[in-house]
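Look at the two complexes coming up: chain A is in both, with chain B in one and chain C in the other.
So, the complex of A and B:
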């Protein structure tokens, strides 16, 4: 695909040109933590690793209205929210972009494509910053993602000294580069990409295993899941922040004759997540829910989709209040099996 | 340090070996040396995995609720854990006699994220004393001020040792008096500045309720936050304020200032500052010097027939 060089000092102009036709989001530092937010002219905080929240916040928002309703039993009037407008997200890490590709496999699968997600995905341009340095909890490479991965991105920027190598991955990315043509230099710098491809990633040793799925299935009933369950708080922060977790729930709030049907993030780590009408709950214990999270990501999803439902972004590693994250749990399981 | 660790392992092994105790709660090493994890030892032979070091940050008190379902519990207890246990006991959720409290004096726990930012890599060890923190990785040793890398609750801690104990690993350290400096500073800001500050904080809440799930004062079996009719799950700013006030009011008068809510919050929302406001108001309105310590007289939890204000409003 098309490649160009962007001198580092013109990066701000490049961003301005993105902001012209769309709301522009990117990582910013707020009270000491880095979050994806609307940039609003602020300089992006591009740091090793990922912001606390993921792109989910903009593509499957934490809560959104499905429709508002008003009326009685037979004469209900529905009002659906306005269609989403164009947005561009700058400074995404490759793992997060790959995560979108994973989520899309589920939410865009026909015949039940998720209309709200589809509209947002079509209105979103992803501008990825490849990693020259990984974050402390990253392990992308051991789940088949590279610090120079272009999947899920429209444009990838490979940082080098004094400039960025820009690669358009999609037709949408190509039109971004065309509209920013004035800042770009048609020269190439293959080394910029190669450098990112070989960026060292800290936690891969804890996760990289042959037959990961088979090994996990083999310990599915090991008592260590009970030990993990004693430690886990069941808060679901790991899944709310995970870029590849896509579960949601519908809920209605009714005020007199008016109300709203909303959808919002749900989590397999919550008690009652799988409670069915009639009272049966296939995931009745915390241990069964934790096991489900790991098996889903590393065995069941790959069995159907051929890829892990974890991109090694490291968020769960940095945020679980009791250190019960993907790399940590896998290394503990290896330890108890020894 | 190692003396305490050896003594802890002996006590835990003794309790579990004696057959009366089902679980001992402490810490074990995590994948990252700066993040030990809560650990639940189930038999005497497992006690060797227990560690004590300045990276042991997670609060342990709340974990007794589930562990007690299997039988009596031994638990490593710092000052903040001790206050949490007192809370659970005062609220009738835990029976004192089903606990064996192994007390340890604490000089503060290191915040792994701040320590890593200072060192530029993950620290392997740390030493904490009353003056400074020394972070160690490989050959590198760096001494830094306490306030640069301890957990914020530890910087305001006035309870280094628990008040309840069945065994001691060392000598207790004296208790202090809370000074409420941060709240006083906040109270002096104009209302618009305070509103802007809290709006910025609350806006990023992801409503995971980790703050509730770790809290020793939030131990209800079923919670209003889980009912969308009682607490809307929407995340507009108004809903975020609504949730945050609900949480803070529900623990007002029972919060023990253990700081677990803030430590657990994945979005680094300074929840302790809200809790401290309630504590300071209780101190100032009711003349209670240490309102975070559970006691026989808890002004927001008792009703007196001679109360000058009628709670039912029938004196209208």
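So, the complex of A and C:
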């Protein structure tokens, strides 16, 4: 494990070094909202908590071409898009990097690894800023993620007073640190890491329970889901912003003799998500779709992958227009169980 | 290789089975379609329209074309019904698990189909009949809404009944003027036939409601849950366990299914 110190005043030079061989993204403030965008020389807006969008904008874009086609009924030629180029994302919070690791378990699973995601993941360097302060909606510790978590990151920066401790987590991270060697001091500062490791994050009792999955399955058919459905608008914002939601749809568009098959984010909260031709729908009600989301994240994904499909980033809680945040819903269900 | 990019294929022939079912014979233009097992599916697509997961109704043999029996139901299948021989389609697969045929060797087999649900069963019936000596009796029970909705008539009324040790019983929900056969829904018809459950594996596919009542009938007839198999379909987009659409609890129909034993189904939430 390689550790280095970076004086705070050299952070901009370090970023420029990253931008030399790749498109560089990071959090920037746009009209009062912090978003991950191409930095383009702007200083990153590193604030407690997370930008509104997650890294999936850069690893599984909201829409992308699977292939283009051209021809007619009896003659068709397909063309696949060019391979993605290198990108680096700076100022990622540990939970978002852990989310990539979770999503990769599904999208990279063989024998049908998601080729587009695989190529992008291989061309992406993740530079994570460990947290010294929790954001207003954060609850990472309740789902087994730490404010100093290195999973999914290539380099973790631990902020201290006057400098950052830089830790290379992967071989790619190591080569980043080597290429930026001129700005770095080979010293260590174990205190910087320890500080982040002990950053206080609110703990949510209802989420933290070890038997959470079993307790959720026990209330799977409880009428309280109907009560939640009365409040939910079905807008799907929670799923689009969630860094561990990966559902997508495929769709064709045509202009004359040319067309494109694309993939785009989809949401289990949408009415036609599982509606079949012929009218059968295994998730026919809003209540059944809300239940699907919670059970998938906290019981069924863990049953297969051993970890929650939730990293406690807090986006769903900060964004839901009717305040149906995960922690609150679980607390309500705990009341029902009591 | 991007698993979401299909092979371009050509429709070689189209057979009109019923007023809303057509069977398409399809062959990829380039490399052969990979070998597939009975019960597996493929994503069939029309460029500019979209994709649909369809069970492969043919039985694999070297250098043979694929067959898909498609009921006109939604956007993609309606467009397919407008297609003509020579038109290009996309095909990718094969996907999913398959019927555990090797587990059935030495046993009697009972196939119970309803409507277009005979399409996936046809693949495994023909596979088993191709290995005739390895199985005991092969009994086929099939029903459709009306006589004109019966699929695979040639096999139902000519080739399968002629196979030694095989039987075919056909029923319809509602008769027409010419129908002289039984008139009954499949589940009660099956119970009247009283098939012997001892040492028999049962396989069923049809509309969701027919599957539900057939599973109940098989239980009453004494078939244990681990000797009853069905094949499910749910809405699918990717077909390769990524897009999330077809999950039932922790399972995906596209990669963990579509074939499930009744015992496996009972361990899953009733979201299918």
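Following the convention adopted for this analysis, the second predicted complex is superposed on the first by the 332 of 338 C-alpha atoms of A that agree within 3 Å, B and C clash if a C-alpha of one lies under 4 Å from a C-alpha of the other, contacts with A are read in each partner's own complex, and residues count from 1 in each chain.
By our rule, contacts are C-beta pairs under 8 Å (C-beta built on N, C-alpha and C of every residue); 3 or more make two chains touch, one makes a residue touch a chain.
Only a predicted model underlies this, so the values are computations on that prediction, with no experimental measurement involved.
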Could you classify chain B and chain C on chain A, in the superposed arrangement, as clash or fit? fit
Quick check on the superposed pair: does A:218 touch chain B, chain C, both, or neither? Answer first, second, both or neither. neither
Is A:292 in contact with chain B, with chain C, with both, or with neither (first, second, both, neither)? second
Is A:73 in contact with chain B, with chain C, with both, or with neither (first, second, both, neither)? second
Which holds for A:194: it touches chain B only (first), chain C only (second), both, or neither? neither
Give the angle at the C-alpha centre of chain A formed by the C-alpha centres of chain B and chain C in the superposed arrangement, rounded to the nearest 10 degrees. 90
A:251 in the overlay: touching chain B, chain C, both, or neither? Say first, second, both or neither. both
Touching A:241 in the superposition: chain B (first), chain C (second), both, neither? first
Considering only touches as defined above, state whether A:331 meets chain B (first), chain C (second), both or neither. first
After overlaying the two complexes, what is the shortest C-alpha distance between chain B and chain C, in Å? 10
Does any part of chain A touch chain B in one structure and chain C in the other, and if so which residues? 251-252
As the complex stands, chain A meets chain C at residues 66-67, 69, 71, 73-78, 80, 106-107, 109, 112-116, 220, 246-252, 254, 259, 261, 263, 266, 268, 273-278, 280, 282-283, 288, 292, 296, 300-301, 303-304
Using the touch definition from the top, list the residues of chain A that touch chain B in their complex. 30-33, 35, 52-53, 62-63, 136-137, 203, 206, 227, 230-231, 233-237, 240-241, 251-253, 262, 264-265, 272, 317-319, 321-324, 327-328, 331-332
Counting only contacts in the complex, chain B reaches chain A at residues 23, 30-32, 35-40, 58, 62-63, 66-67, 113, 116, 122, 200-201, 204, 206-210, 213-214, 226, 228-229, 232-235, 263-264, 266-268
Of chain C, residues touching chain A in the complex: 1-6, 8, 45, 47-52, 73-77, 83-84, 86-88, 208, 233-235, 237-238, 240-250, 255, 269, 271-272
